[in-house]
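Shared between the two complexes below is chain A, which pairs with chain B and chain C, respectively.
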Partner chain A sequence: MSSLVSVEGLAGVVFLVVVAVTLIGGVIATSSTRLPRAVSGLALCLIGIAGLYYFLNSPFLAAMEMLIYVGAVCVTIVFAIMLADPGADKKPGGMTAVGTAGSLGVGALFAWGLAALGTTTMWPAAAVKVNDGSVKAVGHALLTTYSFVFELISVVLLLAIIGALALARSGRDKA
Partner chain B sequence: MILDLYNNLETYLVIAALLFGLGIFGMLNRRSLIGMLIAAELLLGGASLNFMAFNRFLAPDPTTGQIFTLFIMGIAAAEAAIALSIIIAVYRNFKSIDTEDIAELQG
Partner chain C sequence: MILHPETKKALAPFVLPGLIAGPVLIVGLYLFLTSIPGGLARVIIFCGALIIFAALNAAYLVWLERKVCAHIQCRIGPKEVGPFGLIQPLVDGIKLMSKQLLLPKGIDPFLFKVAPLLVLVPAVMSFVTIPFGEHLAARNINIGLLMIFAFASVNVLGLLLGGWGSANKYAVISAARAVSQNVAYEIPMLIIVITMIMVTGTMNLNEIVMQQSGWFGNWYIFRFTASPLMPVAFLIFFVCSLAETNRAPFDLGEAESELIAGFHTEYSGMGFGVFFMGEYANIVIGCSLATILFLGGWQSPVGIASGWWWFLLKLYTLIFCVMWVRWTYPRTTLWGLLNLSWKILIPITLFNLLLTGAMLKIWPH
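For the complex of A and B:
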């Protein structure tokens, strides 16, 4: 129980704003008919998720979310829209009304099921924390316990770069 | 109290569930490939948020969830790059990224 005029109360207000940004961004990303608008909604949603990470005691992950998702993935999607969106000559509207209602129902069912599962389960808290989860601890774990996965993911990224270049390059000379 | 929501595991689980539901809705409702990719990013965001919430409140080692989320981000970046280059290749061949137009194998 905290009042509005305190540090905790202010943090609560900021948290509500962050949650609103996340959900509004998600709604824009999924329901707008124009793709550039949808990407903007996605960027808004990901900024909100970065704020949530900040509230979850992980400023490092918040910065990474901004860099990788907002900075790289969204910009890449914008590039793809510029290269591959037929744009104006595309027929407007998406699904039929029945299709939209059905997908809305399935999405709502998933969200309701997961939320009900999350709120009704009694989650047992850990008895003892072995470290504080700081950036230093993350870096240490990344280069000791998880060093093999760390190397593996760099190979995956290298393969993704080469594969993306090969895929996007093929057929370019005849076009 | 509504201002204390941020210190509560269930809040984050509900937000992650809503993001996941939005992602599923977008995935089913979209007809263009890029729209589906955007919905897939929302799905991954919901999953990462779940990992981070459990990591913050329940995990004995609070680095595990952060590192897993970092790996999800790396995989998501690789997935976005590959998917977008496939979309560009599809667009070159079909002059469309609508899923209704690229159904040649439908018979």
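For the complex of A and C:
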């Protein structure tokens, strides 16, 4: 255990803070009844995840997490809430005791499963820095190693655009 | 200098320390940083220095804004407090901090308080990667350019939550305008950034500056072998950074003739002050990026005596232009603003992207 005042000790503290931010954000996102607050919690959680990426020496992923998830996804959600205005005074009904117990049980089971997977899987050791974040390395990774995943994501985006168009067009016909 | 004798007496002890402290701080910091390599002290010093830089910038850019505005309108501007009104921003700061923070009825108190910080903090974070001089950058990271845009995207979330959290229809309309404007102008801006990354081959801001060493013909704004449209790209980048920071003539988010004051209508005291600090910090970031990408950063135009002083000179010249534009052009309409981005700027930047790609194929560096 290194001293708290050293760079390593400080890095450990930063790691714990980042994990705490992620967890708190997740709890706010799932437990708040006001939608904008839930989105803020989600944004906080995603910022925490970006911090974890940065901690794992992947600044490129961290920046992309911020740019796409916080800057685009969360902003889109808030924008949609503002346009739709789902009645701030309407309170959703509280959970029943059975529901609470059931969700806690399922959550615990899920967490146990993930933890078991994480501890028993043979993870490939990260011997060298995977990616230094330079344009060349990122371009190489996107166009060779991860080209299939990259293309799949673009298909998902295409589907989203087509879905938005279909919704918008049918809405216009009715009006 | 016409000063009220009482004011003169009250301010006399502060003038000299204030005038000395600024330059001494920068020079001392520079000397100190070049003497210690890395470590914990460096982190703390940079954190403190960047926060002070952001705060001083916010304070004194307000003063500069008022002076520039006044002279453009044939007035004098602030002149009472201190020589040329130089103490005015500090006095204003104290006034703002001593004011009551009003929480209107029906708001979301938590989001209402967090929103100004969401505008300010990412902007201050972006300073971390800006190279003020050859060795004067808090973190020289490889993806500096991307990181600045990642943090800049959080800014919109702050405006949105501020507008929504205020529970005020003008604030909500203003937030919706600010977001549609930001989304529209992020596209041409990012296309230009992609073009620049194609030319430079790196997202490391200090390396980009290094590539522009020598005389000013090497600056990317004059790099016609990469693309003949480089000055146009610079102009579009500048226009986009005006729109991204909600500055006039694109300040539809706070159009006071239509929306009272936009998303900060309900903010009083330092809540409003923090929004403004965020806005000025964002202007500094935008102009810094324009300086680094196109105007050679800390490189001297004649190839000798390069250093942070050139960076600051170019930075504040650009900021002066931002203010000049604000007090010269009237506000555009929302349609004009969106049409400019989608129908003019995006096609030009896409054409520039293709042209640059072709030029790079023909004459590879």
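Worth a mention:
FYI, the second predicted complex is superposed on the first by the 126 of 175 C-alpha atoms of A that agree within 3 Å, B and C clash if a C-alpha of one lies under 4 Å from a C-alpha of the other, contacts with A are read in each partner's own complex, and residues count from 1 in each chain.
The definition used in the following text is that contacts are C-beta pairs under 8 Å (C-beta built on N, C-alpha and C of every residue); 3 or more make two chains touch, one makes a residue touch a chain.
Treat the numbers as computed from the prediction; the structure is a model and nothing was measured.
Using the contact criterion defined above for the overlaid structures, shared-chain residue A:Gly99 touches chain B, although it does not reach chain C. Once the two complexes are overlaid on the shared chain, A:Leu52 sits against chain B while remaining clear of chain C.
Once chain A of one complex is fitted onto chain A of the other, the partner contacts of A:Ser147 are absent, as it touches neither chain B nor chain C. Within the superposed three-chain model, A:Ala11 lies in touch with chain B and out of touch with chain C [touch as defined at top]. When the two structures are aligned on the shared chain, A:Ala72 is found in touch with chain B and with chain C. In the superposition on chain A, the chain among chain B and chain C reaching more residues of chain A is B.
Touch criterion met: A:Leu167 reaches chain B, while chain C stays clear of it.
After overlaying the two complexes on the shared chain, residue contacts for A:Thr22 are found with chain B alone; chain C is out of touch.
When the two structures are aligned on the shared chain, A:Arg37 is found in touch with chain C, with no touch to chain B. With the contact threshold set out at the top, residues 60, 64, 72, 79, 81, 83, 132-133 of chain A are in contact with chain B in one structure and with chain C in the other. Every residue of chain A that touches chain C in the complex is listed here, in rising order: 5-7, 10, 34, 36-37, 40, 43, 59-60, 62-64, 66-67, 70-72, 74-75, 78-79, 81-83, 132-136. Looking at the complex, you find that chain B touches chain A at residues 1-6, 9-32, 34-35, 37-39, 41-42, 45, 48-49, 52-64, 66-67, 69-71, 73-82, 84-93, 95-98.
Those residues of chain C lying in contact with chain A across their complex are 39-40, 108, 110-111, 114, 141-143, 146-147, 149-154, 156-157, 160-161, 163-165, 172, 175-176, 179, 197, 201-204.
Chain A contributes residues 1-2, 4, 8-9, 11-13, 15-16, 19, 22-23, 26-27, 29-31, 35, 38-39, 42, 45-46, 49, 52-53, 55-58, 60-61, 64-65, 68-69, 72-73, 76-77, 79-81, 83-86, 90, 94-95, 99-100, 102-104, 106-115, 118-119, 123-133, 137-138, 140-142, 146, 149, 153, 156-157, 159-161, 163-165, 167-168, 170-172, 175 to its touches with chain B in the complex.
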